[in-house]
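Here chain A shows up in two complexes: once beside chain B, once beside chain C.
After this line comes the complex of A and B, so read on.
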């Protein structure tokens, strides 16, 4: 019903020319509001919401449709109608747009800043830049929680371990968590500003550094977006090499996560072994592609070619870890004290996962059957055969199993690809560039879907935007920990493993 | 002469415990590292750590009271005195007549009380969490520990440790069901009291899961050194108590000449080493349990202790 209404709202419109591959429509405020209402009623998935000078864009997929679209609303003086008041997943995105551009979302109840902690000496650094007095970054109005016997536990932004900064405000009743509220934005780097009016090469390097653990996925998404804008296709060899790199990155990160989750239940044996596996993957990546994390290997038009010994290095590594990994998985299954910690902990309901369009292991552990590689296929996945693991338990255990199954799928895919690596060049020349061109692409990082959008004007990036999977996963962590015990938070948090850097931009 | 000898034996025992404590901690850490396929620091690393902490500046919170500053010394003193009450390589301790097993439990409870107060003193959330969890563990572990004491005392007819050890060595107590149950209860209690996996993880960096570490999170410098030393001494205390109550062989009893004393020291150190190797092996095999499972774990210890006492009431030969 609401899906049909949403489809009707954007049907029969003329898309903006030069935006590929998804259509982009310029709409008025009333249609924008209607789209927000339809999204709120479950008519589709919100895929991203970002600003630029004078415009606010929203990427969405109508439920059941194969191709998503982008809708754009012009900012009226300095405000635009809020989507967040109808569709909660947009709230943090709108707060970020307001902090960066100064556009006020009309009707939004939450007027607190999100990325702006008051240390910038100006407001809206990408907008009108009015000077502002510095505020104490410590002051922030956390949502009030009332009840008998409740007490607050502030955690972070500086933690006892060496991890990224984020503040977590727990309201607990003894050991039971009544509410968790996150405050993020501590690693804001001004990515959106850096991606405004810059050349392609520099933009690619910045994109690769949005979230270091997903550097391949970000470069991949950015390159696809640029190639779409320029109507270019990477040569076959580059496509397969990109796939290998993306799956190597996924395998390495999932292995690291699997160990780290078990370590947070103080079961360090699996952590130790997974550390060794991950190291083997990274070492093989170094031998094959010359960089452990494969940073800056994927570029618009193709990718850096692999070393001549790459297939052998990767093949040997896969053979070395396959058997011991299966044993470690058995150890995980056969340790009741560990299962006791992971099963039924940190439950995310399928409804919430669907509403937030949570990607990656968070969504797939809660029954949201979505994988960018399969549902918005891009080369080389359009010709690859793989399964998307799906679990419905929604707990820490399910999120571990999604990772385990994905590691197995990734290793199988890498094997197929390296056995039959196409010959030929790995880079294509970028065509001569003129005029205004826009491109958008989504790739599946190990955390879930990430989106990259670019506008190229005469060969320069006029504006680009990256949206991490974590935007739609962090809020679910708040829900997952509710009525769990305080001491289980690290376990839940690690099973999500959301990005701070990718989210704070 | 006899008094001088007793005094010397007592002094040696006191300082022996203090001297080997960091080493044993180092051994457990090294074994754990090896089990996880790491090399790990050498077993004497805790001595260097303590030395380093002693020479570092102690940073205090603005609102720290005298309690916060004195607690580390109280904790260390109480723990050390408690450790001095446990016969290690020879029975016939001087202090043994001044205090018994129940006093030992009370001394450890005093240290716990001081630590919990210090944890809450500066008013950080983690100190409060740690103190609250520590008191929960204490309230469950202490009754279980007392039942272990009672079951042993019912067999030996006394609560004085030296006398119990002598009785077990000389009177050929043999294998008993009640002692087996008491041993199980004691191991559970020891794991909980020493903040080891599955109750607490001494190596964790996750502030929300900590118990002991949460209470001492704000400590630094010499204060932290005292607390770390006290934790190491406490571990040795429980190891000594375990070997004294359940494996007292090799201990010098009536004949306290050089020969039996040497045998006593060597066998004592051997027992400590075996326990220091067994502990990390056990720790590697299980995950940490949920906070709300502590009562079940320590309730098991209590049940085993209670069963041991009941069996002894039914018949002294169990």
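After this line comes the complex of A and C, so read on.
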């Protein structure tokens, strides 16, 4: 019903020319509001919301449709209608747009700054840049919590482990968490600003560093977006090499997280073994692609070619870890004291996962059957056979199982690809470029779908934007920890493993 | 699990041999301003053990992944007496990554202030070293040395665990060498 209404709102419109492959429509404020309402009623998924000079863009997928679209509303003086008041997943994105551009979302419910901690000496750094006095970054109006016997536990931004900075404000009743409120933005580096008016190579290097653990996925998405804009396709060899790199990255991250989650339950044996497996994957990645995290390997037009020894290095690594990994998985299965910590912990309801269009293991552990590789297929996945694991328990254990099954799927895919690597060049020349061209792409990073959007004017990046999966996962972590004990927060947090850098931009 | 543990007893360790810290560790690991800071405090040094507090001051998390790897069985930094601690109050060394975002600056300065003397600061990775891709932004300071006195710089994007290890060992070797009359 609401999906049909949402579809009707964008039907029969002429898309902006030069935006590929999804259509982009320029719409008025009333349609924008109606789209917000339809999204709020469950008519589709919000895929992204970002600003630029004079415009605010929103990427969405009408429920059940194969191709998403982008809608653009022109900012009126300095405001635009809030989507967040109808559809909560847009709230933080709108707060970010307001902080960066100074556009006020009319009707927004949460008027607190998000990325702007008062430390920039100006407001709206990508908008009119009025000077502003520096505020104490410690001041922030956390939501009031009232009740008997409640106490607060402030954590961060500097955490106890080797992790990224962010602030968590727990309100607890004894051991039980009554509410968690996050405050993020500490690692805001101004990426949207750096991705304005720059050359392709520099933009690529920045995109590769939006979130270091997903560097391959980001370079992949950025390159696909640029190739879409320029109507170019990477050569077959590059497509397969990209797939291998993306799956190596997924395997390495899932291995690291699987071990780290178990370590947070003080089961260090799995952690130790997973640490070794992860190291093997990274070492093989370095031998094959010259960089442990495979940073800057994927570029618009293709990728750096693999070393001659790549197939052997990767094959050997897979053979080395496959059997021991299966053994460690059995160990997880056979250890009830560990499962006592992971089962029924950090529950995310299927409704919430669907409403927030949560990607990756967060969505797929709560019954949201979506994987960019299968649902918006891009090479080499359009020709690959793989299964998308789906669980419905929504707890830490389910998120672990999604990861375990994905590791198995990834290793199988890598094996198939490495055995039959297409010959030929790994890079195509970028065509001589003129005029305004726009491209958008989504790839499946290990933690979920990420989106890259570019506008290229005469061969230069006029504006680009990256949207991390974490935007739609962080808020669900607040929900997941509710009514759990404080000591289970590390488990919940690691089972999500949201990116701070990818979110803070 | 019993079989797994039993078998582990008879397997060879996976740990890599220690790198040579004496010689310049590798071409891309450079020691900066080390002597000046260390000479002053020569007698009160950490001997063979240092406690590190890691601070992400705006990194993309790539550096964190590689610093994390130092703790795995392959690099196993604890065999050198190097351990990561949860509080700056327990730390000798602050290992800082990232271009120092303005939003993290106050927290970084407070963490430094909370670390007891004598203390050393390591800038890990190109961003902290001042040559990363985020250096020229309204939101970043651009390099760690603009905020804190830096004793050692370990470049790389991100630095490999073995380079981090070499850097840390160099810091310890030089410090202890100066401590011995």
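General observations
Note that in this section the second predicted complex is superposed on the first by the 505 of 505 C-alpha atoms of A that agree within 3 Å, B and C clash if a C-alpha of one lies under 4 Å from a C-alpha of the other, contacts with A are read in each partner's own complex, and residues count from 1 in each chain.
Everything that follows uses one rule, which is that a residue touches a chain if its C-beta (ideal position, glycine included) is under 8 Å from a C-beta of that chain, and two chains touch if they have at least 3 such contacts.
These numbers come from a predicted model, not from an experiment.
After overlaying the two complexes on the shared chain, residue contacts for A:185 are found with chain C alone; chain B is out of touch. Of the two partner chains placed by the overlay, only chain B lies in contact with A:155; chain C stays clear of it. Contacts of A:175 after superposition on the shared chain: chain B is touched, whereas chain C is not.
In the superposed model, A:335 makes contact with both chain B and chain C.
Of the two partner chains placed by superposition, only chain C is touched by A:119; chain B is not. In the overlay built on the shared chain, the residue A:194 is in contact with chain C alone; chain B does not reach it. Of the two partner chains placed around the shared chain by superposition, chain B and chain C are both touched by A:276. Applying the stated contact rule after C-alpha superposition, one finds that A:489 touches chain B and leaves chain C untouched. In the superposed three-chain model, the partner touching more residues of chain A is C, compared with the other of chain B and chain C.
In the superposition on chain A, A:265 makes contact with chain B only, not with chain C.
Touching of chain A by both chain B and chain C, each in its own complex, is seen for residues 160-162, 269, 272, 276, 335. Of all residues in chain A, only 115, 117, 119-120, 122, 125, 136-138, 157-158, 160-165, 185-191, 193-194, 202, 205-206, 209-213, 215, 256, 269, 272, 275-276, 278-279, 282, 292-293, 295, 327, 331, 334-335, 499-501, 504 touch chain C in the complex they form.
Every residue of chain B that touches chain A in the complex is listed here, in rising order: 32, 35-38, 125-126, 128-129, 132, 197-198, 201, 203-210, 217, 284-293. Of all residues in chain C, those touching chain A in their complex are 1, 4-5, 14, 54-69, 71-74, 84, 86-88, 98-99, 101-108, 111, 132-134, 136-140, 157-158, 160.
By the touch criterion stated above, chain A contacts chain B in their complex at residues 151-155, 159-162, 174-175, 262, 264-269, 271-273, 276, 335, 337-338, 340-341, 485-490.
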